[in-house]
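The structures considered in this document are given below.
Look for subunit A in each of the two complexes below; its partner is subunit B in the first and subunit C in the second.
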Partner chain A sequence: MPWRLLVAHLRRSWFRTALTAAGVALAIFLLATLRTVVTGLQSVVKDSNANRLVVTSALGLFKNQPVRLRHELQTVPGVRDVTDWTWFGGVYIDEKNMFSRFATEPATLRRVYGEGPRPDIAMPADQWEAFEADRGSCIVGMGLVREFGFAIGDKIEMTGNIFPGQYTFTVRGIYLKGRDQIDEAMLFFQWKYLEQSIERDGGTSEVGIFVLACDPNVETGAIARDVDLRFASSDHATTTVTEAAFNQMFVSMWGNVPLLLSMIGGAVLFAAFMIALNTMLLAGRERRLEIGVLKALGFPGGVVATLLVAESVLVCGTGGVAGVAAAHWMFDIRRVEILDRMFPGFMILPETALGAVAIAALVGLVSGAVPAIVATRTSVVSGLSRRG
Partner chain B sequence: MIFKLLRYNLRSLIVRRGGTVLSVLSIGFSVGILVLVLALARGFELSLTRTGRDDNLIVLRQGATSEGESGISRDAARLLRSYQGVALGRDGEPLAAPECYAALNLEREGGGTANFTLRGVSAASFEIRDFLVIREGRKFQPGTREVVVGKSLVGRMKGSKVGGQLELQDQEWPVVGVLDSQGGAYDSEIWCDAEVLLQVLNRPIYQTCILRRAEPAPREGPDPLIAVLEDDQRLGVKVQTEPGYFASQAGMLGDVLKFVGYFIAGIMATGAAFGTAVTLLASLAERTREIGTLLALGFRPRQILIGFLFEALILGLLGGIVGVLLALPVNNVATGTMNWKTFTEQAFAFRITTDVVIAAVTFSTIIGVVSGLVPAWKASRVPPSVALRE
Partner chain C sequence: MLIEVRGVVKSYAKGAETVRVLHGIDLDVGDAEWVALMGPSGSGKTTLLNLLGGLDVPDEGSIVVGGEDLVGRSPAELAGWRSRHVGFIFQLYNLLAVLTAYQNVELPLLLTPLSRKERREHVEVALSTVGLSDRMDHYPSQLSGGQQQRVAIARAIVTDPSFLLADEPTGDLDAKSAHEILDLLQALHEHYGKSIVMVTHDPAAAKCADRLVHLEKGFLVADEVRS
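So, the complex of A and B:
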């Protein structure tokens, strides 16, 4: 096999080779990115904690629930711990500073999310204790530290809107996410602090959702039914679902987006194919003379065809590897804060990387095959003659 | 003279139609994606910004950025009704309607769930929004659990048709009518009686108040009615016009969609530009002789450069047209997304408006010209003596 010819061809039209590889690389970069949005959304559901249940009001997420339910939930058989999250809203300096702020109970938040070998919310023990001890304290995620430069001891001032008033929180801890699906840009403060202002305004003491940590090896479905049945005929009926189902709700709010992204992916692929095919057709046409010479020298048509296909696969495959490498560098190593925030678990999976390279190689294979078939049919005479 | 040259360049595109078609298609696909995403952003924005009348005001609690975060006490609502500057309705009552707001997680038609907006409205709410019509069925009976649904929800949310039911807290809420707000945001909402909803939610206060102003806003300068309301210490509110409020709800998602559109299309287009450059370079290699002839005939290298750029521009333009045509079937296709401001489903349709088309064609023409830069420069540098010897 005259492999040196292959290298010679690539080097002779190096500019075109580079342009084609770069074009394919861009397409593959995009394809891997789009796919990662979809797998990221899926992983949010897949990586949910199987032992957790989420109790919301039967009237939906926007309806808070009486805080006294906590004690009742605690007595349900199979429930080990109960914690709560209350959406605070609020404005930090400017409305544009959007990050999640929750009121919670530190001790139970710690037991449900902050313990075990790989806690979801990872924070040193002394910071947890400081958070529990100080009613006016808060903890923030590393993402907020990167964005706003918060440090332990800082005072964060916020204006309430759902809960009117001025609030000041002292940062007592900085947490790291224990897995990619956890938002690292949340702020938690003590619900007790919020309760003071609710009481002052004559409101009712309510929290948003309860999260139940169940005993391992119990059937959570039965516990969920048990909980909902207890409150069914009260004026605070509940809907209890697994953490996975709760997360699924947010994922399904994206609606048609995954489908749309797949459509875009298809178009991207087609555009990449156009670029590669164009280049290979040109390469095939330019080489009529050489093909004629090779055949005259006694090389079988297969050799000529293989060279064209190999060249195409090499160029497109290189582009594919470069595209995946760029995506890996950008999203997994450098990280893009806004993507992490919007799509928890935004990381390129090995199967996405392999799939993207395989697709690039396939594009190369097909693009190379078209001129290769033409080449095998070229007769020595028509190849050697200038016009054919 | 230059026109003859441009005609030569045009003819060259026809002679080498294989490469032309492939280049136009690769540009066309990236432009098609741009049109698709821009049409999505445009449809989303239009569904919100086309909502409401300029002389309707939405009153929220100070600091609230959306209705869900707001709260208006019964005292404040009463105060607002008695305010000077609020128009009077046909029955002589002030056109000020306190409303409440909830997001319900309900089943979508065809699987999955979404949060849908349930708005509890008062008697004056319909008269204030006189652009609304009940397209089918009738209004709900005040004091009952009857609801009307926005027309965009029909076919998107389970049970959303006249005679259907919504199930809430083990209670059935019959659907008695379909609401049409002429493409506005209310088309994605469910409406019921405010007092009934407050009771069910166990809430003491309303969320917002909408009112019709008696006098139109001054053409210039500060708006006295808004200023007076916002300065009233007893109220503690912020006031926006109805279209202004809904436009503010579009802000971020519209911007994100546009950014995503240009990001994806930008990357694809760069790839397409590379492909087009390859085509142009190859056609240049085949045409060295022709360029030599042109130079011998007295054309200047600069004119050759312009000719090649023109060729690239035409490729870009054709790509733009193909892209718009490829994306055209999605025009008016209904879709929905979560509005991040309210966490509720907002239904809308793709809208390929004139400005979307102009943006797309401009974009593709730029891609064409950029892809032609290197080939055109190379073409203008061909030495005539060498070229003629080829």
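So, the complex of A and C:
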């Protein structure tokens, strides 16, 4: 097999080779990125904790619930712990500084999310203790540290909008995410601090959602039914779902975006295929004489076809690897904060990377196959009768 | 007898029409014989040469070369046969532009079981025979027309084929280069006993041959042995 010929062609038409590989690389980069958005959304649901239940108001997610439910929920058989999250909103310096801020109960947040061999919210014990001890404290994720340069002891001034007023939080802890799907750009502060403000303004003490940590090996569906039955006839009926179902609700808000992204990915892929096919058809046409000469010298048609297919697979495969490498560098190594914020754990999965490279190679295979078939069918005499 | 051609007929489709190019050609070529095929354009010289080299197959008739019948063989079998027995020399050299002189000459050897070292020895001998040992690493574009044709001849002889087929080997060369190429072919014929079948329009080239075979409109009209 005259592999040297393959290398020689790539070197001779290096600019065209580079452009084709770059075109495929760009397409594969986009494809891997779009696919990662879809897998990122799916992973939020897939990697949810099976032992957690989320209790929202039956009237909807944005209807807060009486804080006294916390104690009642704690008495439900199978419920090990209860914590709560209340969406605070607020403005930090400027409205464009968007990140999630929640009022919560530090001790239960720690027990539900911050303990165990692989806690979702990983933070040193002394920082948890400082958070619990100081009513005006807060903890922030490492993403916010990277973006705003927060450090332990810093004061964070915030203007309330849902809960009007001026708020000042002291940073007492910096957490790291324990798994990719946890947002590292959240701020948690004590609900009691918020309660003071609400009561001062004559409001009622309410929280957004309750999160129930259930005992291991219990049937969470039964607990959810039990919870909802308890409050069904009260003025604060609940809807209790698994953490996975709760996350699914957020994913559903994206509607047909994953489908749309997949369609865009398909269009990008088709464009890459057209680029590669055009290049290889041109290469095949330019080499009619060469194909004739090789066949005249005694090289079987299969060898000539293999060279064309191998060249195409090599160029497209290289483009595919480059595209995936660029996506890996951008999203997994360098990380793009905005994507991290929108899709916690936004990272190129190994199966996405392998799939993208395989698709690039497949594009090369099909693109090379067309001129290869033409080459195989070209008679020696016909090939020799053409000049480059 | 090296080549025995009997009743060979060849036609080509030209649009809806079928054009008969060769009309029942009979021809014998002996061992170590140099035959020049002459005739006007369209007389069927190159078609006959292609059939002798197994590049094409006749519609009728038989072609036996070295005792082997070429008719009825598959394209793959013919490819294998060509690589073992035929050295081709084309009018426009047909070197691969992306390969050096050395690599072009080495190409036919890639179809043999020779080792890299053995291939190198063969290529060096072939290039030395045509006087281009010092141009091994040059690309065709860096060589003159005469030098390119000499590389093509080296490629044709590197596998030590049974015979050479040359299609107007001097047709694209100036008089001096043409003379050098003919001298080279003469040397291969005389010193190495190579049989040569050569298509030519050039009377000077024809003078080098042992026999002149004339074709006209697909018929063999004259077969003249030169003294």
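Here is the rule we use: the second predicted complex is superposed on the first by the 385 of 388 C-alpha atoms of A that agree within 3 Å, B and C clash if a C-alpha of one lies under 4 Å from a C-alpha of the other, contacts with A are read in each partner's own complex, and residues count from 1 in each chain.
The rule is simple: contacts are C-beta pairs under 8 Å (C-beta built on N, C-alpha and C of every residue); 3 or more make two chains touch, one makes a residue touch a chain.
Please read these numbers as outputs of a predicted model, since none were measured by experiment.
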>> Given the alignment on subunit A, is it a clash or a fit between subunit B and subunit C?
In response: fit
> Does the superposition put A:296 against subunit B (first), subunit C (second), both, or neither?
Replying inline: second
> First (subunit B), second (subunit C), both or neither: which does A:236 touch?
Replying inline: first
>> So in the superposed three-chain picture, is A:384 touching just subunit B, just subunit C, both, or none of them (first/second/both/neither)?
In response: second
>> Which chain, subunit B or subunit C, ends up touching more residues of subunit A in the combined arrangement?
In response: B
> In the combined three-chain arrangement, what's the angle at subunit A toward subunit B and subunit C (CA centres, steps of 10°)?
Replying inline: 90
> Now for A:277: first (subunit B), second (subunit C), both, or neither, which partner does it touch?
Replying inline: first
>> Tell me the contact category for A:50 with respect to subunit B and subunit C: first, second, both or neither.
In response: neither
> Which of the two partners, first being subunit B and second being subunit C, lies in contact with A:23: first, second, both, or neither?
Replying inline: first
>> Minimum CA distance, subunit B versus subunit C, superposed model, integer angstrom?
In response: 12
> Intersection of subunit A residues contacting subunit B with those contacting subunit C?
Replying inline: none
> In the complex of these two chains, what residues of subunit B are touching subunit A?
Replying inline: 18-19, 22-23, 25-26, 29-30, 32-33, 36-37, 40, 61-65, 68-71, 101-105, 108, 112-115, 168-170, 200-202, 204, 236, 252, 264, 267-268, 270-272, 274-275, 277-279, 281-282, 285, 335-338, 343, 345
>> Using the touch definition from the top, list the residues of subunit C that touch subunit A in their complex.
In response: 50, 53, 55-56, 75-76, 79-84, 88, 90, 92, 94, 96-99, 103, 107-108, 110-111, 155
> How about subunit A: which of its residues touch subunit B in the complex?
Replying inline: 15-16, 19-20, 22-24, 26-27, 29-30, 34, 56, 58-63, 89-91, 95, 98, 159-162, 164, 203, 232, 235-237, 239, 249, 252-257, 260, 263-264, 267-268, 270-272, 274-275, 277-279, 281-282, 286
>> Under the definition above, what is the set of subunit A residues touching subunit C in their complex?
In response: 1-2, 4-5, 8-9, 11-12, 289-290, 292-301, 379-381, 384, 387-388
